[in-house]
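A short write-up of the structure that comes next.
For clarity, chains are labelled A, B, C and D in written order, and residue numbers in each chain start from 1.
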Amino acid sequence: MITLKQVESWLIETNRILQEKKAYLTQLDQAIGDGDHGINLARGFQEVAKNLSDQSAPDIGALLKNVAMTLLSKVGGASGPLYGTAFLKMSTALKDKVEAAPEEFARALAEAADGIQMRGKARVGDKTMLDVWKPVADLAVQQGDRLSWEALLQCSLKQMESTRNLEAKKGRAAYLGRRSVGHLDPGAVSSHYLFEALSGTMTREETAG
Amino acid sequence: MITLKQVESWLIETNRILQEKKAYLTQLDQAIGDGDHGINLARGFQEVAKNLSDQSAPDIGALLKNVAMTLLSKVGGASGPLYGTAFLKMSTALKDKVEAAPEEFARALAEAADGIQMRGKARVGDKTMLDVWKPVADLAVQQGDRLSWEALLQCSLKQMESTRNLEAKKGRAAYLGRRSVGHLDPGAVSSHYLFEALSGTMTREETAG
Amino acid sequence: MKKLINSPEQVVRDMLDGMVAAHPHLKNLPGTQVIVRADAPVSGKVGLVSGGGSGHEPAHAGYVGKGMLDAAVAGEVFTSPTPDQVLEAIKAVDSGNGVLLIIKNYTGDVMNFEMAAELAEAEGIRVAKVVVNDDVAVENSTYTTGRRGIAGTVFVHKIAGALASRGASLEQVEEVANKVIRQVRSMGMALTPCIVPAAGTPGFQLGEDEIEIGLGIHGEPGVYRSKLMTAEETARTLLERILEDLPLSSGEKAAVMINGLGATPLMELYIVNKTVSELLKERGIAVHRTFVGPYMTSLEMAGCSLTLLKLDEELTDLLDAPARTAAWNQ
Amino acid sequence: MKKLINSPEQVVRDMLDGMVAAHPHLKNLPGTQVIVRADAPVSGKVGLVSGGGSGHEPAHAGYVGKGMLDAAVAGEVFTSPTPDQVLEAIKAVDSGNGVLLIIKNYTGDVMNFEMAAELAEAEGIRVAKVVVNDDVAVENSTYTTGRRGIAGTVFVHKIAGALASRGASLEQVEEVANKVIRQVRSMGMALTPCIVPAAGTPGFQLGEDEIEIGLGIHGEPGVYRSKLMTAEETARTLLERILEDLPLSSGEKAAVMINGLGATPLMELYIVNKTVSELLKERGIAVHRTFVGPYMTSLEMAGCSLTLLKLDEELTDLLDAPARTAAWNQ
């Protein structure tokens, strides 16, 4: 089972990685975007982490709803509404849960990926964060209660890498056309950090527990 | 005697030197002014040279009057009215002359120097072109009919050099206060070129003649 | 990074404070990055809200005032503002006649403004949206993000604002805004990149003799790189691309904007206009008015954009109507 | 040197062409670098002529129009215009009521305009001259050149222009111009140098963390060099120096100008204004109006100047009077 505590740890770990990778994400966004992706996410998740330590939520759904609202009001840009929508969809899927079975959590991820697709109207292969979210969520759903965090991490990494050779069709990088090829998509990279944090947190806690 | 032809040669030689030194004069003006002195004078004397080849004047006075009017309408900045006034005063002093005795020419230079002083209200030692004009003209007047072009050249050179260690009191360099010390005054340098051309022309013509 | 700022994190906050201090006709909604007309909501009038990332000053708060916008929402530098901020703006300017959102076509702007519109409608406010996409440098296709909104947006503010201030309905104001959007085209070029304060380094590098053609206003690279050109060649390149997309025949009338990207002085913009005006004259296109200056900038980027707006009688009349804002006064 | 130009020799000519093409209320006197109101001479009105080197756009042609100047004479870049050009301007705007020359205090400007005045008087035109010297960075002394004229000049244009357009006499217009000159002070600073097109290289070099304080508008170095400061420290430095020279007591009223030198974006100017407005408030000085933008530039130099004009009732009224020019509309 995935506990409220673990979800909290996941978010704190995500924030830690994003703060560390802020400049790198910004560099990636400078290459094919407008150079604010790292700054935007670092600002948003900083606030998420701060709120986590200030107030405690009764269940996973409530916690993720707070996260969604914070991201919506603090990130801005394209990634704000996309991440905000993702967490909003997850919060609905995990409403009132104090702990979630792996297959429930997987379905929440799938809802999140669909939310991103609905909001951003991108398809897999358009060189966006969806290129990570959708395959990772699909894998998680497919594995169901035999969910392997390690497999999920590998999938996320592979998908992130796959954006390098794509031509962007959505988001700011699309303006560059062919010139976007050869660069990782910043949103795909930040999404991968989210899954890296998830996998890391869950693995650690499993080992520890 | 100084002939109309020699005066023409002097001006053509002045233009040649100024075109050659355009960038250097501009550099000097960048250091303690606004970086246009070489450009201004090159533009003005270019036009002087062009007019000389287009039309011929009946006498030295008329020739110098044309030069004055050209400089006044083509140079601009501080040096335009100053050089313009200098040549206007010389033209009046040499009115109707087809040739001038050395002492007449010396008096014309003195008139020119006074004109610069009247127009610019500077004194010798203020780090301006007057630092060259005034002593050179004084020397010429003092030598009278035994005027030595070589002595005049040496005086001009020495006076030009003297501006390096002065603090500017007039013109744009005055805004720099103490920071103007250590740089040659661009107008003093361009004035020196005028006298270098004069001395060169006269010496050459004397030797040749 | 050499900027007259206090700290990279504070630039938007400080700028908004300095702006309302300078312009008494503006106020800042407390606790937000929203600038509204001091007399908002104006009763009987459709409210006009625009905004986007900061760094494009005077856009958009410089266009808030009589005859143009009612509110501008300022995001972080080059980052679309968030839905809650846009919602505050909508609420502050709605006088019961509905609110038009003028959105530049960027994924982030569109999504954030859309979410705000949904929230406002949930609160019972009528909201319409128009999306400006004047940048012909970008391929237009329904499969991609489509064209960006750049300097042409200011003409939308002006003309929709003029109609709104005459008491037109939300539908009418939306319609005229869409008409402007159909008839306006722009294209930009840059001589130097710009530096997002919080990033501290330029978005791209350009050699001493290189320029970017088809550049946006968010420091993103252009569509292609070229050797430094004369002002004449630059003007010709931008104009020809625009006229390919917005055919203007001899005898037709246009408004022209030569927009500075932030660090390009007026002298250079006027030099560009010399060629633009000559080329339009050659083609028999009548220039009704020409706007030269920094209207939609990109921090301290050097470069310019050219905008052409095809005018008919209605648009001409609204373009010439009075306006009292920080950056557009007539 | 990266500029949107055609050739260094042509910048002034091209700019003037682009300017009259953009602004139908302006015309270029054939064969000159003089821009005059299209309706000059305005009968019954004192003519106002200003000008100077180019590179300060919108100064001065941007201030030609109803309520401000009648003509502006453009010299080469940073080079005072010549007497013959100024004479043409004077003749074009004199309606028999005399002409006021508004001269910035630079040796070259003063001498060239003086010679033009002498020539005009010889032709029977009444001419008065005022010399603006608002730059407090420079030591004022009768033994030296005295203070420079910088952005404060624009207030002289505005206020003298307003009085002239009310039909005042040459003496009255001269008097009010001199009153503005007595009550206006400015000081500038630069983050980067600028490049005179024909020179091709910057006038001075600045390190990545260096700025020049007390800078003029001709690319000349400042009075001292300092480490890069925050906008707040910059505003404080400029303001304190100005207030030392122009004591303003609590309860007194001023107009403020935060002038951009060419490459500094509005965002930064507004950030400077935040501090300026706060400091003036602390001292109880009432800010009647604040002007933020590029009013008197120095090519593509980055930096700003601060100008304070002490206002009484007369100056307030004239400052607020209508004006229709390219760069000042109200």
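Quick note on the criterion: contacts are C-beta pairs under 8 Å (C-beta built on N, C-alpha and C of every residue); 3 or more make two chains touch, one makes a residue touch a chain.
Computed from a predicted model, the values in this text were never measured in an experiment.
Engineer: With one step meaning two chains touch, work out the least steps from subunit A to subunit D.
Structural biologist: 2
Engineer: Greatest Cα-centroid separation from subunit C: which chain?
Structural biologist: Farthest by centroid: B.
Engineer: When the centre of a chain is set as the mean of its C-alpha atoms, what distance in Å lies between subunit A and subunit B?
Structural biologist: 76
Engineer: Indicate the whole-number Å distance between the mean C-alpha point of subunit B and the mean C-alpha point of subunit C.
Structural biologist: 55
Engineer: Averaging over Cα atoms per chain, report the distance between subunit C and subunit D in Å.
Structural biologist: Centre-to-centre distance between subunit C and subunit D: 29 Å.
Engineer: Based only on mean CA positions, could you tell me how far subunit B sits from subunit D in angstrom?
Structural biologist: 32
Engineer: Where in subunit C do residues touch two or more of the other chains?
Structural biologist: Within subunit C, no residue touches at least two other chains.
Engineer: Specify, in ascending order, the residues of subunit B that touch 2 or more different other chains.
Structural biologist: Residues of subunit B never touch two or more of the other chains.
Engineer: Which of the chains touch, listed as pairs?
Structural biologist: Pairwise, the chains that meet the contact rule are A-C, B-D, C-D.
Engineer: Across the complex, what residues on subunit D touch subunit B?
Structural biologist: Counting only subunit D, the residues touching subunit B are 53, 75-85, 106-108, 111-112, 115, 137-139, 143-145, 148, 196, 198-199, 201-204, 216, 218-221, 223.
Engineer: Which subunit A residues qualify as touching subunit C in the complex?
Structural biologist: Spelled out, the residues of subunit A in touch with subunit C are 26, 30-36, 39-40, 43, 72-82, 119-120, 169-172, 174-177, 179.
Engineer: Contact residues on subunit D for subunit C in the complex?
Structural biologist: Per the stated touch rule, the residues are 2-7, 11, 14-19, 21-23, 54-55, 57-58, 62, 191-192, 208-209, 211, 228, 230-232, 234, 256, 258, 262-275, 277-278, 287, 290-292, 294, 297, 299-300, 302-304, 326, 329-330.
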